[in-house]
Structures are given as C-alpha cells and as structure tokens.
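Heads up, there are several structures right after this.
Each of the two complexes below includes chain A, the first together with chain B, the second together with chain C.
On to the complex of A and B.
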C-alpha cells in the first residue's frame, strides 16, 4: 500500500514541479520516488499478507513481485526519457505525471482483491495511456492511434463491466475470496456466472491484445511515440496479465472446463497471427508490435494450464520479455534519431559503426526469440514446461513451430546490422543514461539466462 | 408489475428506434428517451440516488455533449462510411452469439431470487453513502487519481502550444 500512496503523491508532486518550472529536477525526483516505492514493496516482502481495506487489496508475494517488476521497468524507461519528451512538447512535467499515474494503476491491478479495484486500476492505467499515445498533437498517426486506443479501450471496458455485473448477479459479491467460496460451495453454479466468465475473458483479452481482439495493437503501437510504445508493451501488458492470472487462478479454476477450450483457441490464433504477420513487416517498430501479440500468446500458456508454478513462469517470462523490449526500443530511439526511419534498413551497418549497440540489440533479439543463455529461453522453457505438465502436446507442437518462425524475423534485424553496409556515413551519439540502461538490461538478460534460479526462486 | 412491463417495453422500443433512425439528431433524441425510461426503472427499484444521477448526468450533461459533437461533425449521408457485406454478416453472427449467450444466462433469473429482492433500502442515499465510505472507501479515494489523470490529460490535449519565438 505504501508504494501506491507514494506514487500517487509523486504524480502530484511532479505536477507542482512543472508549475514552478523546475524542469531539471523532474527526472531525479521521479526516479527517487520510484526508488522509495520500490523500497516499500521490498519492505512488505516478508510480511504475512492479509487483504487490506475490507478486502480491497491483497499484497501477497505474487503482487509484490510483479509490482517490483513494473516499478523497475518504468524506472528504466524513465531513464531513456531524458531528452525524449522535450523534443515533443513543452509540458514535460505532465508526461512524467501521467506515466507515474499509469504505473499506480498497474500496481493496483497487480494487487487487487475486489472487482472495484480491478476496474479502477485498469481505468487509471488506460486513461493515462490514451493521452500519452496522442501526445504528438500534430502527428496524424499519433492522433489516430490515440483515438483507436481510446475507442477500443472503452469498448473492452464495457465487456469487462458487463462480466463483472453478471458475476455479481450470480454470487452477490465483488470480492475474490467471496467469489471463490461461491464457486466451491454452490451446488449448482448459475449460468449467469458462466456468461460472466466468458465476458471477463473477452474484456481481458482485449486489454492484453490477444487475437482475435488484437486489431488495435499494431496501429496503436506503431502510431505512439516509441517510448510510450515501450511502456505499453511492457508495464501495462504485464500488469494486465497479472490481473488476468490472479482472477483465473484464484477464482475460476473449478470451472476450467468452460473456459479452457476458449482460451486454447485464443492462444493458438494469437500465436499464428502474431508470428505470421510479424514475418511480413518491413518496419522494425511494427514488427515489434506483432511480436508483442505473439508473446501475449506465449504468456497465456500460464493460464491455459494453471498450476502452482504458473506465477513463477509468468514472472520469468514477463521479466525477460520486458528487458528485451526495453533494449530493442531504446536502440530504435537512437537509430531513428539518426536516420529518421524505423525500417529494418536503417539498422544497416550498425555492427561496424557501433559494435556495442549492435551487441545489445543482438542479445535482445536472441532473448525474444528464446535462444539458450538468454532470459527469453528460460521464460519460454518454463512456459513450455507448464504446458507439458498439462499434457497439451498439440499446443506444444504448435508453439514450437511458432518459436521457429519467430527466430526468422528476430534475426532479420541482426542480419541487417552485421552483414549489410550502410548507405551513408552517420554518427550515433549514445547518451550516458542509455548506456546505463542498456548495460543493466543486457547484464540482467544474460544473468537470468545463465542463473535462472535468482528469478524463479522469488515466487 | 404492469408499470415495469410498460416501461421495459418503452425502453426496448426507443433503444431500437435509436439504432434504426437515419437522422443522427433524431437518434440522439431517442437515446434521451431511452435514458429517461431507465431512470423510471431506477425509481421502481427504489434506487433514488442512481435515478437522480442518471437523470442529471446522462440525460442532461452527456446528451448535450452528444448533440454538440453531432453538430460539429456535420454528419450526412455522403460522409457515412460504406461497410462491406462481409463485415455486416460477421457483425450479425457475433451479435447473435452474444444474444444466445446472454439469453441462456438470463433464463434463470426469477423475481423472487434472494439477490434480486435483497435489501430494498440499499438504493437510498443514506445507505449508499455508508457503503461508499465504509466498505468501498479505498476505491472511492483512488478514483480521485483517475479523475485527476483525466483532467490533466484533457488540459494537456486541449491547450494550445505557445509558439516559440
């Protein structure tokens, strides 16, 4: 709870800093605030968790671990933001404030224990993002992305609310504990409850961008400023998954006969659509958007066969995926600043000019593709293991085929970097903060790949 | 009960009219009437607070907003986007699936269900306030962040950038 309060106050503080034109203090203060929030989360780690505030929030290890992940990734993204927002517009403080509020929403979603909190958390997270996506006011693509995201978000929230209403109609409670008691003790589960489960599934699939509810993802990720895309595809996506997993593993497991086939179909469609469309992209940013759809498919494995290790698998995968995404988007920002385009061709010859950047990019791509000795491999391994535990051999085979397709398009950019020559001469300046973020992220990616217990042991 | 059926019929009738009228302004006006019938439903359920809020916020504020937007957009037949038959068929199938699911779910509802009858007084302002400030205190407080976010965003998007000299 300390973390949520800290972040709420931090957002308002940042607004005041903007009011008094203290622009240079913005980034340090925000990072300090995140550090304090991180500290509160760590301090809660060994305490016995009980639902607080009449069962509204529940800070168990599951929630705390994902909260820490979200705060950490946000800090990395903020470090990248140093010069970024200033080029877009004058109102830098407001962007920091919105990012911090969005993170607050994400923390609420990781720790909710009542549907009221789930709804408010998702709304805070999304409303801040609707605006951040559209902050390039004079850019048509950004406007389109913001409007599309807003309409789709509102639509999916409708599904979510309708689902919540039906679940309430069946069980008479918004509380997860109460819902679980209802599922376990009710002699005959009302059809209202089943309809509610399906609607919740649709609403949450919209939020995580799983096919066939993925139509907004590519356009929004492509149109948004790169830094916001990085935030959306890591922190927000992970938080939505946590909300998804918490609800389904805590409440809906006894009625899994109903939703497992539905979710299985969603997973298979998501994997194929994400990977096959990613193959055909010529823009790196758009490729990352489709790849994030396919990663949503892999992350859903933890839900298809829920077991005690689901949380750990999800955590490892989310960690690996977020780190790799941050690296990839950071390098894309640098490359785009020089070449002005986000096509694969703009990476040509990067291996000769900036070996360090090219190496970091290679590690990120290998991690996303799931090659051993990177964190992505451990994540994929745990997810596949999860499915093996459920004896879902068909799904496993399809997933392996998809992983193979993934290797092809992830290595596309690596080939461009090392085996193609650049057209002209250009110098990429790497700011210190980028060096710090890239080094840290690459080191963590390899550390998790070599010694995975440090992450798996957490949960 | 007869009042309920009358109002329910009117609600569905005007909701359908909202969809089927060609003129967008008429459509909005029908939507206003639909909301009005819903307000009557709330009163029948003894939910005074919801009724008042629905009346003021939805029928008042939001519908005026709708009308303004419609006038600004200046919609007419030429600007109506053409939808392919495929999309229409898909929409119809998806809608039918949703109806089938919901009808299947709703068939169990009976008026004497414990959840439906429940506490008749719960919709009164006093009881609602008690629930809001006791059980749901945390979501109530946190929703202030949601409103603040929306406000910051609205100002940010609407404000004119000062041109650099």
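On to the complex of A and C.
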C-alpha cells in the first residue's frame, strides 16, 4: 500500500517541479521516488497479507512481486529518458508525471481485490497512456496512434464493465472473495455469470492485445514515441496480464470448462497471427509490436492450465520479456537517433562499429527467441511445462512450431548487424545511463538464464 | 429512496437485462460501423450508460448499495476518459482538418 501512496504523491510532486522549472531535478526525484516505492514493497514482503480497506486491495506475494517488477522496469525506462523527452517537447515534467501515474494504475491492477479497483486501476493506467502516446502533437502518426488507442481502450472498457455488471447481477458482490464463494457454494450458477465471464475475457484480451482483439496493437506501438512503446509493451502489458491471471485463478477456476476452449482458440490464433505477420515486417519497431502479440500468446499459457506454478511461470516470463524488450528498444532509440529510421537496414554493420551494442542486442534477441542460457529460455520452458501439466499436447506442438518461426525473425536483425555492411559512417554516441541500463539488463538476462532459481523461488 | 426502489422493482428484472443488452449492442454496432469519431465516442458512452443502468437495476433488486456506488465510479472515470478523448480529437482535427476515421490511415499493417 505504501508504494501506491508514494507514487501518487510523487506524480504530483513532479508536476510541481515542472511548474517551478526545476528541470534537472526531475529525473533524480522520480528515480528516488521509485526507489522509495520499491523499498515499501520489499518491506511488505514478509508480512502476513490481508485484504485492506474493506477488501479493496490485497498485497500478497503475488501482487508484491509483480509490483516490484513493474517499478524496476519503469526505473530502467526512465533512465533511458534523459535526453529523449527533451528532444520531443518542452513540457518534460508531464512525461515523468504521466509515466508515474500510469505506473500507479499498474500497481493497483496487480493488487486489486474488488472489481472497483480493477476498473479504476485499468483506467488510471490507460488514461495516462492515451496522452503519452499522442504527446508528439504535430506528428500525424502519433496523433493517429493516440486516437486509435483511446477508441479501442474505451471500447474494451465497455466490455469489461458489462461483464462486471453481469457478474454482479449473478452474485451480488464485486469482491473477489465473495465471487469465489458464490462460484463454490451456489448450486446452480446463473447464466448471467457465464455471459459475464466471457465478456470479461473479451475485455481483458483487448487490453493485453491478444488476437482477434489485437488489431490496434501494431498501429499504436508503431505510432507512439519509442520509449512509450517500451513502457506499453512491458509494464502495462505485464500489469494487464497480472489482473487477468488473478481474476481467473482466484475466481473462475471452478467454471474453467466454459472458458478454457475459448481461451485455447485465442491463444492459437494469437501465436500464429503474431508470428506470421512479424515475419513480413521491414520495420524493427513494427516487428517488435507483432512479436509482443505473439508473446501475449505465450503468456496466456499460464492461464490455459492454471496450477500452483502459474504465478511463477508468468513472473519469469514477464521478467525475461520485459528485460529483453527494454534492451531492444534502448538500442533502437540510439540507432534511430543516428540513422533516422527504424528499418532493419539501419542496423547494418553495427557489429563492427559498436560491438558492445550489437552484443547486447544479440542477447536480447536470443532471449526473446528463447535460446538456452538466456532468461527467455527459462520463461518459455516454464510456460511449456505448464501446458504439459495440463496435457495439451496439440497446443504444445503448435507452440514449438511458433517458437521456431520466432527464431527466424529475431535473428534477422542479428544477421543484419554482423553480416551486412553499412553504407555511410556511423557515429553512435552511447550516453552513460544507456550503458548502465544495457549492462544491467544483459547481466540479469544471462543471470536468470544460468541460475533461474533466483526468480522462480520468489513466488 | 424507498419510492424509487419500488418504482424500479415495478418492472421485471429480465426486462432491464434485455433493454440494457440492446442499448449495449447498439453502442457496439455504432463503434464498429460509424466513421465519424464523435459519433464513435457517443456510441462508447451509450455502452457505458447501458452498464450504469444495469448496475442500478441489479442494485435495486438486491437491496445492495454497492452497485449504485459502482455507477458513480463509472460516471467519474468515463468523464475523465472523455476529457482526454476530446482533447485527442481536437489535436487530430487541428492537424488533419477532419474527424473522419478514414483519413487516419497512415499506419497500416
């Protein structure tokens, strides 16, 4: 709880700093605030968790672990922001403030124990992001992305709310505990409840960008500023998944006969659409957008066969995926600043010019593809293991085929970096903060890959 | 208050559910087929208001106030969302001089 309060205050504080033109203090203050929030989550780790505020929020280990992950990744992304925001607009404080508010929403979504908090958390997270996506006011791509994101976000919220209303009609409560009791004790479950479950499934699939509700994702990820794309595809995506997993593992497990076939279809479509369209992209940023769709498919494995290890699998996968995405987007920012384009060709010759950057990029791509000795492999292994536990052999086979397709397009950029020569001179300056972030993320990726117990043991 | 609850209960619950589902469906269809951004936003509002009505009806039938409190949350957050949404639409209009969603097709597949 301390973390949410700290972050809410921090957002307002940052706005005031912007008002008094303290531009140089923005980044240190925000990072310090994140550190304090992180400290609060660590301090709560060993306490006995009970639902707080009449069962509104519930900071169990599950919520705390994902809160820590979200705060950590946000801190990495903020470290990358030093020069980035100043190049886009003069109102730098708003960036930090909105990012912090969005993170607050994400934390609420990880810890909700009542549908009111789920709804409020998702809204706080999304409304801040609508603005961030469209923050380049005179760029038409950014405008279009903001409008599409806003319309699709509001549309999916409608589905989510209708689902909540029907669940309330059936059970008479918004509380997760109460809903679980209703599912377990009611002799005959009302048809309203079933309709509500399916509508909530649709709404949440929109939020995580799973096919067939994915069509907004590539456009929005492509049009948004790169750093905001990084935030969306890591923190926001992870938080939505956590909300999804908490709801389904806590409440809807007894009625899994109803939604498992639906979810299985969603997973299979998501994997194929994500991977096959990613193959055809010529822009690295857009490829990352499609790859994020396919990763949503892999992360849904934890929901297809829910068990005690679901949370740990989801955490490991989300951690690995977020680290690799941060590395990839950080390098994309540097490359784009130099070459002005985000096509695969702009990575040509990076292996000779900047071996360090190329190495970091290679590690990130291998991790996303799920090659052993990287964190991505452990994540994929646990997810596949999860599906094995549910005896979904067909799904497993399809997933392996998709993983193979994934290797092809992730290695595309590696091939460009090492085996193709660039046309002109390339003088990439790497700021110190980028070096710190890249080193940290690469080290963690390899550490988890070699010694996975340090993450799996958490949950 | 008692009077209102009695009035609401004068109509069978099933009628509320069917009515709200129809309004919600009109909203969904509006979002999917209309091309004007303002009308799409109004359709989204229609969806949210169908939810509000349904929550109020369930709440009155169950004699449980939490459903009505939820309606306030929905209204407040919908207002916040619309404020941001209208700002985005004005920003788009300044750049493209149009509120037609077809003009926004710079980003494609």
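For the reader, a short list of remarks on this structure follows.
Rule of thumb we're sticking to: the second predicted complex is superposed on the first by the 459 of 459 C-alpha atoms of A that agree within 3 Å, B and C clash if a C-alpha of one lies under 4 Å from a C-alpha of the other, contacts with A are read in each partner's own complex, and residues count from 1 in each chain.
What we mean here is this: a residue touches a chain if its C-beta (ideal position, glycine included) is under 8 Å from a C-beta of that chain, and two chains touch if they have at least 3 such contacts.
As the structure is a prediction and not an experimental result, all values here were calculated from the model.
When both complexes are overlaid on chain A, the residue A:223 reaches chain C alone and has no touch with chain B. When both complexes are overlaid on chain A, the residue A:91 reaches chain B alone and has no touch with chain C.
When the two structures are aligned on the shared chain, A:394 is found in touch with neither chain B nor chain C. Of the two partner chains placed by the overlay, only chain C lies in contact with A:148; chain B stays clear of it. Contacts of A:279 after superposition: neither chain B nor chain C is touched.
Contacts of A:134 after superposition: both chain B and chain C are touched. Of the two partner chains, chain B is the only one that A:194 touches; chain C does not reach it. Shared-chain residue A:54: touches chain B; no touch with chain C.
After overlaying the two complexes on the shared chain, residue contacts for A:101 are found with chain B alone; chain C is out of touch. With the contact threshold set out at the top, residues 116, 120, 123, 127, 130-131, 134, 137, 166, 169, 172, 192 of chain A are in contact with chain B in one structure and with chain C in the other. By the touch rule above, chain A contacts chain B in their complex via residues 4, 8, 11-12, 15, 52-54, 56-57, 89-91, 94, 97-98, 101-102, 104-105, 108, 114, 116-117, 120, 123-124, 127-128, 130-131, 134-135, 137, 166, 169, 172, 190-192, 194-196, 198.
Residues 101-102, 104-109, 114-115, 134-139, 142-143, 145-146, 148-150, 152-153, 156-157, 159, 161-162 of chain B touch chain A in their complex. Those residues of chain A whose C-beta lies close enough to touch chain C in the complex are 115-116, 119-120, 123, 127, 130-131, 134, 137-138, 140-141, 143-148, 150-151, 154-155, 157-158, 161-162, 164-166, 168-169, 172-174, 192, 218-219, 222-223, 277. For chain C in complex with chain A, the residues that touch the partner chain are 17, 20, 24, 27-28, 31, 37, 40-41, 44, 47-48, 50-51, 54-55, 58, 62, 64, 66-67, 69-70, 73-74, 77, 80-81, 84-85, 87-89, 91-92, 95-96, 101, 104-109.
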